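Presented sequentially are two complexes of chain A, the first with chain B as partner and the second with chain C.
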Partner chain A sequence: MDPAMGMGLVALMGAAATVAGCSEDLESDIGSQSNPNSQVQLAAQVGYPHRIFNKAISGEPPSNAMYCAVGAGVAMVLMSESVMSASPLIAIAIGAFVAALLNGVFSTTSYLGRNASQTRFNQYVYLDVLRNQILSLMGHAYITTFCIVLISYVMWNQNLIGHPFPFPVIALIWGLCVGAIGSSTGDVHYGAEREFQDFKFGSGLNAADSGNITRFAEAGVRSSMDNAWFCSKFGGPATGIAFGMVVFLDNWRSTAFSGWTAVVVGVVIVLVLVIYNRKVETYARKKYGPFPEYAGDIEA
Partner chain B sequence: MSAGGPGGEAVSAETANQVDAKGIGVGLIGIYIAAIAADAGIPYLIFLAGIGAVFATKMGADAVRRVCSYGIGTGVPSIGMLALGMGLISAMFGLAFGAMIGVSYVGPIVGLVVALVIGFVVGTLANKIIKLNIPVMERCLMEIAGAGVLVMTGLSVMIAGSMDFVVISEKVIVTGYIAPVFILGALGILHPFNASLGPDETQDRTLVHAYSVGAIAMVIAGVCSIAVIDPIAGIISTVVGLAIWYVTFMGFVKLVKRDAGAGYVGTGLLPPGAM
Partner chain C sequence: MTDVTIVGMLMGNLPSIIGIIIGGLCIAVGVHFVPVGGAPAAMAQATGIGTGTVQLAAGSGLTGLLAAGYMYMTLSAAGTPGITEIVLICATGAVGAMIMISVTMLVGNWVYIYGVGVPPASAKKDYDPITGDSQAPYVAAGTVGQGLPTVCFVCGTIGGFLGGLGGSLIYCMLMWVNGDPAISSIFAIGVFLVNAVLPSYNIQGTIEGFHDPKFKRVPKAILACFIASLLYGIIAVTIPGIAMLTGGS
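Moving on to the complex of A and B:
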């Protein structure tokens, strides 16, 4: 392939991955999936019934792997010559739509099921919470799936990158990847930052504070949708950059170099990132911590 | 205590033996009728393999429910993945064994036996070596592995229209349709209990939900089979799957209304005393 074309594809995939990472994180924040979910789930049990969406579709990696694998599977059916030889973009769009419908079904059942299972804690099933959030969840899931399936298609197509794995399997792997990055990068912003922002740095997180995530404005003025407002300031874009960098750097090194050089470049990138992360961590600890009053003798 | 489980043995209306008998019985019968009919030139009965997979999903979900009610909160998704991991290996081993000895029809049964053995070994390791000490662990992991193998085999047979390992590997694995089958099968086993986690979880609601998630897997496998085998057979599977999904989903919503009682409201402020 022409090197300029190769670099263009890598850039396209990086851009699509950035959008996918961002929308994936916002989707999971609106639904309070994974990291924040345990706090929302515990809230009713510690005496705080709430009106926050409780979307427990396993962890984010399996659920996003499902949307992406299904999206790619449906797109592949539509593209196959025995069915309708649809153009890839239309096929991917329809595949992503089917995946978004699955997102809607799984979100609905998990909201209804989890809240109905907490009746003894006075937790209600609010249908308006379901109606208000479900379309925005499905919309974000659509964007994520579309971008991931697009990346997978570019990787799989023999005239473009020509990866040896089948199309839905590549989508499954990238879906797992975006879910894992969204879960570890963006959800920390929602789960930890939003809930514990009035706590001092390094003071530790007490399990008894878990339910607070559904209190104050969240109990009335705000809804789960406002988590997207909060997280789109930092958590979503950070996830997008993280995932975009994973896709971009990985494809860049294998496009620009070949053989063992590509492996060495990969190792160098990992080392640089490890050192950089360590620097950021020590900088933050020196600047903001440790918690001054802590003497190490407080009963848990 | 887990993030929601009451801890201890789960309350069941339908006993484990009943669920297992239906899961293995309907699962195997559905898969065999579908494969024999397809080999005889009638691919339109292929949806029966999907129905078998739906019942196997329910068996897996019930086993997850029983083992996870001992307080495995965040382990619910992991156990679903474990199920399909064990299931995939056993299913492929069984089908390959059938191809090796030249009798493809022994595939699902060999796979099931291998899965039960793997499940027992994993369960024993978890209970005796890691010392989780959950009384139902061995049995539940055997059931989960068995459900995994039946779901994988059922959906693969549905897509490929055959029980022959060569055909399945060419039409399901090489094409990549194994990916949605794998992940939807896993979610079918883990999602019903995961989505109902909490002290007021009820067995009938979880199991109706298992049928509905299994039906979703059947619908997607039906869509994939449109491109692989006969389009009409694929459309029949898809429509049957959608019908099962609709009925069971509405049943689930009805049971949610029953279990939530007065708490099933259109809108409103938080309950009195909650502020």
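Moving on to the complex of A and C:
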């Protein structure tokens, strides 16, 4: 392949990955999926009923892997000459739509099931919460799936990169990857900061305060849309940058270099990241200093 | 007659079975290096990445598998890859996984530092074994640490390296057996997940790396994963082989 074309494709994939990462994180923030869900689930049980959407379908990586594999599978069937030879863009759009419908089914059953089982804690099923937020969940899931299936198509197409893995398997792996990244990065902003905004910034969250989530917003009762608004300022874009960096750096080193040079370049990238992380850590320790409550060693 | 042929098939593919076992063991040990804090870490109540063990190990290892699969295809253009090529393919997969996990940990630290306002620290050790920084004063009250101090970051890259290496090695071995990227990739994902799930019983939700007391449980995981990988290796060799024996392609 022409090197300029290769780099263009890598840039396109990096851009699509950035959008996918951001929307994936916001989707999980709206639905309270993954680890922060433990607090949403716990809140009612410790006496704090709320109007936050609650859908722990599964961990983010398996659920996103499923949406992306379904999206790619549908797109592949539609593109096949024996079915309708659809244009790739339309096929990917329809595939992502089917995946979004799947997301809607899982989100609805999850919300209804979870909240119905918590009636004894005064946690009710709010149909307006379901109505208002289900479409935004599906919309974000659509964007994520569309971008990831697009990346997978670029990798799989024999005239472009020509990866040997089947189209849905590539989408499954990238879906797993974006879920793992979203769960590791952006969700912390939701789980550790937005869910506990009543506590002083930087004070840490004492395990004894688990479940005491912030239930009132800047105006009125807090909803999951408010959470998405807040997390879209930092957690979502950070996730997008992370996933974009993974897709871009990994593909860039194998496109621009080959053989052992690509391996060495990869090792250099990792070393730079380790050193940069150390710089950030030192900055934080100097900037914030020790916790004032510190009074001797804490037993692990 | 068929039994004899199956035994012969297993003996003929013994190097592949051994390779699958080695790959499985690499994944099992690698999972113990990945600093995961599970749900408590997502609330900044525990050191490590705020997600599950299997999910992060699989996310990084399989990203490496994508790079390794592409490299295998490139190198196999000149014939079936030998040991030298396999080393390069495994190195490519390992580095791909290291990049994924390093970027994730770095951005995770950004969120802890800039988004949550807490410095990375661990309560498992008084001093960071690599940098020597004191940890206890920087651990928030009522928690066992937060974020990823340098020792956890380095452990994470080692975990990514081993995971990517193991996944790529398994893929190469499966390609030796059946030569089909589709079957090999799906089987490799399966072997990867089996070997990532078994050690998570050791980890029980959180581990920080080699300095964590739970790391001493590695031998148990090695034994369990050895048995599982051996079984999986036999299945992986016989399934495509049986199709050939019964007249399938």
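Everything that follows uses one rule, which is that the second predicted complex is superposed on the first by the 279 of 300 C-alpha atoms of A that agree within 3 Å, B and C clash if a C-alpha of one lies under 4 Å from a C-alpha of the other, contacts with A are read in each partner's own complex, and residues count from 1 in each chain.
In this section, contacts are C-beta pairs under 8 Å (C-beta built on N, C-alpha and C of every residue); 3 or more make two chains touch, one makes a residue touch a chain.
Model, not experiment: these values are computed from the prediction.
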Exercise for the section: Give one of first, second, both or neither to describe whether A:A219 is in contact with chain B, with chain C, with both, or with none. Expected result: first
Exercise for the section: For A:A262, select first, second, both or neither according to whether it touches chain B, chain C, the two together, or no partner. Expected result: second
Practice task
With the two complexes superposed on chain A, say which partner A:F234 touches: chain B (first), chain C (second), both, or neither.
Solution key: second
Practice task
Figure out whether A:Q45 sits in contact with chain B (first) or chain C (second), or with both, or with neither.
Solution key: first
Exercise for the section: Between chain B and chain C, pick out the one touching the greater number of residues of chain A. Expected result: C
Practice task
Could you look at A:G31 and tell me whether it touches chain B, chain C, both or neither (first, second, both, neither)?
Solution key: neither
Exercise for the section: Examine A:G14 and indicate which partner it touches, taking first as chain B and second as chain C; both and neither are also allowed. Expected result: neither
Exercise for the section: With the two complexes superposed on chain A, say which partner A:G211 touches: chain B (first), chain C (second), both, or neither. Expected result: neither
Practice task
Answer with first, second, both or neither: which of chain B and chain C does A:S254 touch in the superposed model?
Solution key: second
Practice task
Enumerate the residues of chain A that count as touching chain B in its complex and touching chain C in the other.
Solution key: 38, 59, 62, 165-166, 169-170, 172
Handout entry: chain A-touching residues of chain C, taken from the complex the two chains share
Key = 38-45, 49-52, 55-56, 58-60, 62-63, 65-67, 69-74, 88, 91-92, 95-96, 98-100, 102-120, 123-126, 131, 133, 136-144, 146-150, 153-154, 157, 181-182, 185-186, 189
Problem - Residues of chain A that touch chain C when the two form their complex - result: 34-36, 38-39, 59-62, 155, 161-166, 169-170, 172-174, 176-177, 179-181, 183-189, 191-193, 195-196, 201-210, 234-235, 238-239, 241-242, 245-246, 249-250, 253-254, 258-260, 262-263, 266-267, 269-270, 273-274, 276-278, 280-281, 283-285, 287-288, 290-291, 293-294, 296-300
Completion exercise
Given the complex, residues on chain B that touch chain A span 3-4, 73-74, 76-77, 80-81, 173-180, 182-184, 186-187, 190-191, 194-201, 205, 209, 212-213, 216, 220, 223-224, 226-227, 231, 249, 252-253, 255-256, 259-261, 263-271, 273-275
Handout entry: Footprint of chain B on chain A - complex, ascending
Key = 38, 41-42, 45, 47-51, 56-59, 62-63, 65-66, 69-70, 72-74, 76-77, 80, 82-83, 98, 102, 105-106, 109-110, 112-128, 165-172, 219-220
